[in-house]
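Here it is, the structure in full.
Labels run A, B, C, D, E, F, G and H following the written order; every chain starts at residue 1.
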């Protein structure tokens, strides 16, 4: 297995955390993995993004190319990155914010998850990204439900117990949102 | 041993502290900010640890000079434009033979340039961008594991040879994360006689680069030159990959070498060209003899750099006409994919015969 | 039985000064060496000579010394002091060194309240390099780079270092003095002592600005040079001091040292000293 | 108060500060060149010294030692 | 034409003013002080002339950047440590393609070093001591006449190629006097479109080195590289002396070349070794092809530098193993006499066969 | 028939600001462009953007512009202005740019009384590089390089640029203002106009220090950021001005221009402009 | 005095300064994301505008044009 | 002909001017010539010196080596430079100041000129150097009396007429002081 995934959205939608949590859990599942964030002036008041590569063998380049999965948390990111997806790749869209549609017929499978709304419903808009991760893990099955959640804890570390539950619930919400 | 997943910049910071670095001075610049920030967060918690955000790269340079003379293990870091400003200081550190570690997380140049990964500072790092006859040890790490290991070694070699050591990485190495482990650093083991801590009741000591007498200065210059030769004898590091049966050798370092490896893998998989990789790890001194030895059976070399061609000089000096040398460069922050590079290699190889 | 009441300071080496006749550097060196001796801190003092006529100061001071590149003394001293907070560290600088190329390092070391001392020799000219304009050169003063005299709109105004630094909260003590009479020389010595006292009490940055003759580049006789200091320089650079000691009681500031538990960090080294 | 001084003629650089400050003109200009190429000052034994050490205080080159009875 | 007898530093100053230089900013440093002082004396009398003793070498660098952008012919000068401080600015001038002339009157290094003549800054000057991929034109004058001529040409080439030009001399060239004449300088003749003088009613212009997009930046890098190739095609200068019948070629530049010439004369007089001299005048671009062409009939080359061996790299790169290359270096401010060097040459020659 | 009373300044390009919401740079840009238009000096104004969030200012100002390396704006502007004394030259700088790495260039340009204007955006933090400590950072303020808050003995004190520069005789006008209310915005615009007027009258160095919110790196909402400027920054950096205009009547200083008879030196160019 | 404003919704970055300074609450928060990803403010026609231009004066992104009758 | 001469003395004894005037007059007599002064910290409160090389062909190195003539205006310079003189060379000593004797038996001809005293007698201590030049030119005959004096004028330029005479008299004094 060797996959690449892009996570993209506004600064503050926690996209870097999404990528890092995936990379971290993949590491714990003994994969080779690289994580490469956007940085510097690029992010100034704009969109943030990161690329995660996961494979059984050493990874040459951590930058996005021939990406298999893309998570778009807002419209601009969708437009920016949709053309980096390989044919047959998967796009996960935050459908609560993105009304537009990708212009990639060849990316046949696409997943629209209204994670912002779902988060609002949970009464905590900040967990939209974790809900999305639930859906992402469910669909891609790169790592197991358990390993991902275990890896999440040290990352969100400092926060108190209750937070862990919230994240657990958020993740499950996303995980269950996707039938099959 | 348990694995870590940290950004290159943070790895350098943590490795330095574990290696006993207790004085860091630096000034913000993308893409090395996370290193300064890591030091800000952790240095003051380390016993005797000093972190200073200096007023400029120049001030940082001379702060570590003082701290090194006082006996601390010292480090400063910056990115290309900031490193240019440090040149007088580096020349002075070399002249005064003070152990020190300088990190350059290269970005696109020249001038203000941009903040993307690039390798345009190779000449500056290996030829002494500063004035006068001196060289420093220069490491070109290519993985997060190497960032951790070479950072620790840098402090050891800086002490061993009383010289500045530069870690030459780029924005990609500084920003990316990859699992790695921290090995146990060496304890400090070399003479502390040069350090200034007040003369006590003893003889007072002087550290200086000013030597007005031409003959003494000449001798000092040759001393530094001899030192560099000793380093070249003892400390050369490099990696070869798939060179045994190779018909073509790609020479690359750092990020470029990562990409090259990826490209070579592909070429083998689609069994196209049988190519191997020669990766210098010590960029200065350069593994001349080791590279030349390859030219015995292999006659085609392709140098790949994220620059218009700088290490190319060292490769040409090493091979001295014993083999054909091609070049592929991507300066200014452009990072090709392994696939792109693979095509370049194939084209180069086919054109040749 | 006669007893000696004035002699060469204990911690000056035997070398003959390379300074010109009547150069202020010579007297300043003597005074510093005297104070170091009187305070008994020779073994724990580290000096930082500049690029300038005093570049060879280490040939005279019998102290641990490390040369600073032009203008960087305060940064280098910062590195020394932060690593060895229980040592006395001074940076010795000329006006070009401190106020021109080195203004950033001087200003920020002072603003950080680095617990170091700067001995600032203001001779209104670049001595070492042969008499070019210094930031402290008087208006209309002729130098090799102001052959028609310093022009205020083209060359700018004399820089008043003590006035510039003393408002900074990091500065514990700033004093301007001169060397033109035995009385003044003794005042200057007191200032130097006060500087070191500030360091002892960890009060922060201290500086003594010493108006000092450079007869060679002023192209004056020693006597005229002293006269010029008294009659011309003093007008632009009034003598006097600024002290912030009271506002920052030692106790609060001494924490500076505790932050680096030196004795534990370099066990060998502090015993070596006393 | 009585005193006397010793002048190290190899150190003197002819600044004549000592002469200017000595209240008793105990020190006078010299005309012998020393190895540095200066004409070191000398003592005028005719005049006496009260050991104020004003000369030594002003001497840039520490050429004067002062003693008191 | 009437002869002048002036010090090298003053010659550069006068030649610059005659060539239309109207903006000089610099900072004192031995052994180039007389140049700054000459400008202080004469620049403000020239119409529109500006002299500024800047607060530092760095400030001087950026002052000339502004003045060059505003359309003045600009110059700054310093010596080794000060030139190290200018590296960020030089890199930026090259990136922004601003015409400018930078003078380095080299002294002994590294660090504070001393103020004697030396050639330890060759790498810095020719490899871009600054960050990123760029090169500047570098002249290595060896006589007072050349100081006058090359200074004038420097301004012309700076305009022609929109690039910084460095005059690389040493303390001896800067201090010595020799009779020479002033030739008539070229009038300014190249496009002024890049200059900023206020947009008037027209389109506003931008001068910048910041190019965030990697592909654009890459193109800019290649553009600068191509420019340098054009320069290498058109502007190479060098001198050969007694090479026709030579059995050994000494390669040296600047002061070292003067001494070498004296040594060769002696050897011919006492008809010892038949040796010739190859003297690069443009140190960057280096006269590669011209030197290599000599290796057709002559197989012995001896490089002589007042350094531990820097131009040596360019000679080795030029000859690419076609000939044997020996080296004699006198770094740190030591200046051998022609007689001493003559002995070295004889010894080297005899050892060889 | 409605008439437009507020619109995009004539000399701002159409590009959308890349600045964060509520970034002071945005308003400052607008005000400068307005004043340039009102004074009718667009054709003879040259701007110098810094390294900093405003590095791309030339994407917005429709003026001739040249980028300065980090901190060197005043030196570069000096080169421009001395060559083209009848042009208006301004250097636009952040606090790190002006008061940290560039303090020497700022101080000496001011001390020389260079006839230029500096627009100084004081946002108490390094914006561009992601929120590190600036010289103007408040004590105890948390930044990415002062995670425990700025410590006065370890990190030094906030640098007061106007207080530092205004005593210099070369400085004609120094004003500190802010952007937190319509009234303040208009005051700021007046200050900017005064700055350019000083240049016109060749009075010397002029600077407007604009206290400016950086909500992104302060991690505050726009509203809170403004509140923080008013309630916290203003205490350390009192608003107000220093003007030396009267002490140096234009006539005397206007000589500055005559020293470089520009029209004769660049015949082509001045007509091109008007 | 009567006036009206035009809001360029693509420029608005949701700082809400205009809302805070408008004496008549003529401007209200919006919930449509613009291409920049901000929810531009809108006009509440119910409230009137006196054309003081306070909103425009405070708007960092020059998203508001103000007209007067 | 190819000769080298060192002029040395205290700062302020006008030694650089001595060398420059010689070089200048040699140039006017169409020789190749180089002039190389001591500079920088060397001169700080110490001795100044300069080397003049004169020849019919191009001169390689302007620095002092195998020097034929040496002019010592004070004792330290004599000690510093006497060993640079070639066998058979000539040393000109300012005997008013220098009491010591050179330790160079092989430098058989030596000239002691009390130029300081002679200058005092002329009532102008500043012209000691020109007196010495008179003796130097007389002995070496490198350039003619006339050419030297002509070359002197532009050098001392700015000064007024009277000065020219003084120099003329000073030069003659030195010139005539040396019999043969």
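Criterion: a residue touches a chain if its C-beta (ideal position, glycine included) is under 8 Å from a C-beta of that chain, and two chains touch if they have at least 3 such contacts.
Computed from a predicted structure; not experimentally measured.
Looking at chain G and chain H, no chain is in contact with each of them.
When the C-beta contacts at E-F and at A-B are tallied, the pair with the greater total is E-F. Chain centres here are Cα means. That of chain C falls 42 Å from that of chain H.
Put simply, the C-alpha centre of chain B and that of chain H have 56 angstrom between them. Centre-to-centre separation of chain A and chain G, using mean CA positions: 35 Å. For chain H, the set of residues touching two or more other chains reads 40-41, 45.
Touching two or more other chains at once are residues 19-21, 23, 55, 67, 69, 100-101, 103-104, 107-108, 128-130, 135, 154-155, 259 of chain C. Annotation for chain D: residues touching 2 or more other chains are 13, 36. Residues of chain H touching chain D in their complex: 10, 45, 47, 74-76, 97.
Looking at the complex, you find that chain G touches chain F at residues 3-4, 10-11, 13-17, 20-21, 36, 38, 51, 53-54, 56-58, 60-62, 64-69.
Of all the residues in chain B, the ones that touch chain A in their complex are 3, 5, 7, 30-31, 115, 171-172, 175-179, 258-259, 261-263, 265, 335, 337-339.
Residues 58, 80-81, 83-85, 87-88, 91-96, 106, 108-116, 118, 120-121, 123-124, 127-134, 208-222, 224-225, 307-308, 310, 313, 316-317, 320-322, 330-335 of chain B are the ones that touch chain E when the two sit in their complex.
Residue ranges on chain F touching chain C, taken from their complex, read 100-101, 103-104, 107-108, 111-113, 135, 152-157, 159, 163-164, 167-170, 204, 253, 255-256, 259.
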